[in-house]
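Next come two complexes built around chain A: one with chain B, the other with chain C.
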Partner chain A sequence: MKKFSIIAGCALIGLFGMGAAKKQVITVKGSDTIVILAQRWAESYMAAHPDVSVQVTGGGSGVGISALINGTTDICDASRPMKNSEIDKLKTRFNSLGVEIKCAKDGIALYLNESNPVNELSLDQLKAIYTGEITNWKDVGGKDEKIILYGRENSSGTYVYFRDVVLKGSDYAPATQTLPGTAAVVNAVSKDPNGIGYGGAAYAKGIKLAKVKKDAGSPAYEPNAETVKAGTYPISRYLYMYVRNKPTGAMKAYIDWTLSAEGQQIVSKVGYFPVN
Partner chain B sequence: MNRYTAALLISAGLLLPYQAFAQQDTAKKDTVSITEKVDKVQGQVDGINEDYLATKATVDGLAKLKISGYIQSQFQYGDTMGISTNKSMGGPGSFGIGVQDRFQVRRGRLKTTYDNSWSKYVLQLDLTPGNGTGGLAVIKEVYLAVKEPWLKTFALNAGVHMRPFGFELPLSSGDRESPEMSRIIQTLFPGEYEIGASVDMAAPEGPLSMFTLSAGAFNGTKPDYVAIENDDNKDAIGRLGIKLPMKEAGIELDGGFSAYVGKVTNTDTTGGTGVEYEMSGGNFVKTTGTKNVNYDRQYLGGDAQFYYDVPFIGGMTLRGEYIAGKNPGDKTSAPYIPAAAASPNGSLYERNFAGGYIYYVQNIMTPLQLVFKFDWYDPNTDLAGSKINNAFVTDAVNKAVGDGDIAWTTIGFGAIYHWDGNVKFLLYYEMPKNETVASDVTGAMAKYKTDITDNVLTFRVQYKF
Partner chain C sequence: MSTFTGKHTIRVGEWVIETSIRAIAFVSLAFIVLIFVFVLREAAPLLIGKATDDSGAAVTLAKLFSSPFWMPVSNHPTYGIAALILGSLKVTLISLVVATPLSIGAALYTAVFAPRWTKEIIKPAIEILAGFPSVVIGFFALIVMASFFQHLFGLQYRLNALTGGAALALAVIPIIFTLTEDALTALPKQFTEASVALGARKWETALFVLLPAATPGVFAAVLLGFGRAFGETMIVLMATGNAALLSLGITGPVRTISATIGAEMAEVVFGDAHYNVLFFLGFLLFSVSFSLNVVAELFIRKRLMKRFTGAA
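== the complex of A and B ==
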């Protein structure tokens, strides 16, 4: 009996020990626009919650949504809303509609090289530039130089959002050089005096931002907290987290934290804008 | 300053300009050299850029080509040896004589899509071994789709493609939770796909985005006959769908109304002039001289799907579909397909039918799904099984009664385990039950005096990509 009690006791201690040692893992995958923010969130959260491991990877909104549908990620970061066809796939596999969480706001910034004399562009000019109608900077008030277009891959939510909102559904000019990630776009524009790129405002380092106006007669705005919040910056959007089902347990605690004052403070620090 | 010093200074003064010129010359040469190098590097970069654009154009083209497919391998165990009595009207499947259990490759599909945003080419091959084709590839789908770029709402499809009717028919077997479609769907829509042209309406946003519409005209034959129109009657098929999401509550109610309006030509040559049977007052009525007469094929259906995210467990769906109408068939109830003149396929039976199904699917966390399904199909709603007695089956006209007049219900339940994003396992048990006839019946219908023992257990593994 004594022997049995010792063995049972050891087993129980072992089990509790295993339980205590086991970390709750939350996987986050998706938008490259959000990846910096998601990593900052994860670092801060894990520092305060050592029992939770938040693993963040990018790849683009489309990649994240596919992973959510395939069941290979817990949270999908997306810089665009899910399409009806994607929700249908989620319904087919999981019989759920997915839960959308607006986690930050972003203005899609237009990156220009610091030496570029152009300071502002209208939505119509941007559309003409990115569809290949305008190919020289002199047509928009700049030097007599060829415009070099940089953009994102088609798995990117920013690519889709920019195409739908700025290009109004038209295709990008074939000469657009697609790069894997917003940081790569910023880097290319910072080195190319004739380059133009687009992406999240948080990445804007070593380049200048073009002010954007709705039309030729409207005032031009830079993407900042005020203009994005007021909706005066013409290319602003929400950033999203998607989960398959109503979050519970550790996942709920993490998501609630990202929306808390502390989580939203990180949103501002990274260069995006709080949801409220 | 002595003479020596003065001479030295003069010499130095004379030499300095020369030295300065020499330095300038070297600097000039260096500048020229750097400019040349920059030009050379610029030329190389331009060359690489041209190569990049050419490669990008190729890769962009390849990215439009999507290949998908699935394989379903399964083991089945039947209640008795050689289950085949229900094969004529769907059911879990026909086992060979002396066969009670078997391994099968149920499906091997490969689908190629070239999607150019505004237009699409689709080719789907069935590569299932030993499915009666000797292992040859069979074309299941081949069509093109063109989407209009202005409203981004309408698309035209032309070729062999899915008939737009109901919910279960267009649901891929790779996604379906039960091993087979409901008996009524298998019977009314053999082969699922057909040749024709259709229009899809799906608004990407705005109030219209809650509606979908697919409608078109099809030959109205069956897959084996896809390349031909053999009765000169086009069949109109369509579904109007609606989605009512209540996201805050984690609920969505979807549904749709479907219609199939077509005609079938009786090509029967029985007695030289053709025969057609219809029910009237609980008895068959035989009409002769009906060769080349057209009969209505009319199905009306309604379907609904309710989704709810059950807290702490996972999503669930309750879905159902009801279809009723007139179905010109033959004695076994398969849809009547006008045959070539050289091989008439028998008399035409115009029957009123009704049937449907109900599914309950519950996700348990991420990998597991539980499924319960009930389906029923009464191919002749004007004739009850209890009315089929010996006097009936020996009557001069009523002896026309056949397998195609017997109603079926099937209860099935199972579990699905999703191993990863590609592989899933399905364990499913189904219990078909036939309508019974009077105990004094003799002849071919006597097998329906009791419920045939034809339950089937299926264990399936699927790889989908």
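== the complex of A and C ==
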């Protein structure tokens, strides 16, 4: 119905040349990691194009992809690539493989409490910490205190990405406390002297970011524009937008704009990293 | 003639109103049945042993109850719901331990001791708490109560079963309080009069005469409070840390059935084993709250009536 009214609206505009007779609505749904960025994009774009309305909601990458498959959103934001099983579902519903657009780059930051003496961790140490092999901070050069693990809910793209890249596909320790949203993880770590959490670098307020090294002998890097862009920060990823079919009309204009110099400037402002 | 048609129209009008009211009553019944059927249908592949995970391994009820880990999004998914059931029970019991004495005490106070004007402030105030959005209570627990309890008891985990249970008690207190208060005020005046005439003090009357007489109502109130706590989602999702641990400790994080459904339902792939398991969890929640309500209802009706008609 919504699609139909958009088409009808376009047709009206085309026929009578009435200009902004009907607002075009683009719905965007998905990753909580991208939701801040998507909202900034939408605000700036709508300010310059009053005839277009961009509606942004979060919920998690899985939620966005489900919505794309169910036809309840136009654009899906995802912090992980679509799985084959999801692409298959999209294909059976809409006879399309979907279109993937890399719209920004993100470094997964490791959050530590500001009072924690530990400053850098290697990927191996992180794996051992999050799988429950190392449970005390003194084993990684900190105080003799139990490590309190915080993470995201399993509907989050960050959950899957961190598991695949840092834990090499192993499961999280059962004691990992999962919280709804990156902001809640940051809040928990900021109040817990022995806490560790992970999430987008853009959220990091009131905590410190651990420097991460590829292995014990290599230099440690903080997630910032240069290290993520150059790929020296070991935990970085692309952020994606997915659409069902090759975008046309208002959608194409919007997506092109997000990838333009202006759109990518907003990416940097929000705390993520431009794609090119 | 004209009077006859008048009566006739009244009858038709009555019939229409009666039928529509009856229809509305049955529609609400139909909703309950339909929801139950829907939840059961979505869990069906699991119940008849047809559910398989991504690797093709069968997911059976026996595995659900025997596996110690809840790791549904994994390369080797395990759906151990024992930890979730234990988590729900733990948080619910903690909330009842906190809420029951407080709300029964408050109910005794307002029903027996309080002067009229105090009662007229306290009762509505506690009842407003019942309508308080649970997400706000959860938020309060996450930011304020968690830190408070951690410092008070020197806990290792900031978010834990104790904090979650205490926050949940805020949602349970109004239910137990209101129903207990109603049960106490519904007692015949003769109870108090006889007791006082025999020389009992006011507090003796309250504790040894009124409270025992209202036991069925109080019991039903606690049962309904249990149902409320068991099904509550937002408070536990925010305040308990959501780690599915199979342990009996109350100072560690827990993951409850309702929080699991709340956090994972939106993301799950339709028709997947994970999806079936979540609906099975929904079925469990539904069954628990349904049977609690039935028991509470029967208890009030049968026992209370018997007592007052003198059969007991």
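Operating definition for what follows: the second predicted complex is superposed on the first by the 255 of 276 C-alpha atoms of A that agree within 3 Å, B and C clash if a C-alpha of one lies under 4 Å from a C-alpha of the other, contacts with A are read in each partner's own complex, and residues count from 1 in each chain.
Heads up, the rule we're going with is that a contact is a pair of C-beta atoms (placed from the backbone, for glycine too) under 8 Å apart; a residue touches a chain by one contact, two chains touch by 3 or more.
All figures in this text were calculated on a predicted structure; none of them were measured in a lab.
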* Would you mind checking whether chain B and chain C clash or fit side by side on chain A after the superposition? => clash
* Asked: Looking at chain A, does chain C or chain B touch more of its residues?
  -> C
* To do: Once the structures are superposed on A, label A:Pro174 by its partner contacts, choosing first (chain B), second (chain C), both or neither.
  => both
* To do: Determine, under the contact definition given at the top, whether A:Lys246 touches first (chain B), second (chain C), both, or neither.
  => first
* Name the contact category of A:Thr72: first (chain B only), second (chain C only), both, or neither. => first
* Asked: Counting only touches as set out at the top, which of chain B and chain C does A:Lys138 meet: first, second, both, neither?
  -> neither
* Which of chain B and chain C A:Lys269 touches, first, second, both or neither -> neither
* To do: Considering only touches as defined above, state whether A:Lys205 meets chain B (first), chain C (second), both or neither.
  => neither
* Which partner does A:Lys91 contact after superposing on A: first (chain B), second (chain C), both, neither? -> first
* Which holds for A:Asn154: it touches chain B only (first), chain C only (second), both, or neither? -> both
* **Overlap of chain C and chain B interfaces on chain A (superposed complexes)** => 154, 169, 171, 174-175, 177-178
* **Touching residues (chain side chain B, partner chain A) in the complex** => 52-53, 56-57, 60, 63, 117, 149, 152, 171, 175, 202, 204, 209, 243, 245, 247, 250-252, 307, 309, 311-312, 314-317, 361-363, 366-367, 369, 418, 420-421
* Asked: Along chain C, where are the residues that touch chain A in the complex?
  -> 54, 69-76, 83, 142-143, 146-147, 156-159, 237-238, 241-245, 252-253, 255, 263-264, 266-270
* Touching chain C in the complex: which residues of chain A? -> 59-60, 62-63, 66, 85-86, 89, 146, 148, 153-155, 159-160, 163, 169, 171-172, 174-180, 184, 187-188, 191-192, 194-195
* Asked: So in the complex, which bits of chain A are touching chain B?
  -> 70-72, 83-84, 91-97, 99-100, 154, 169, 171, 174-175, 177-178, 244-246, 248
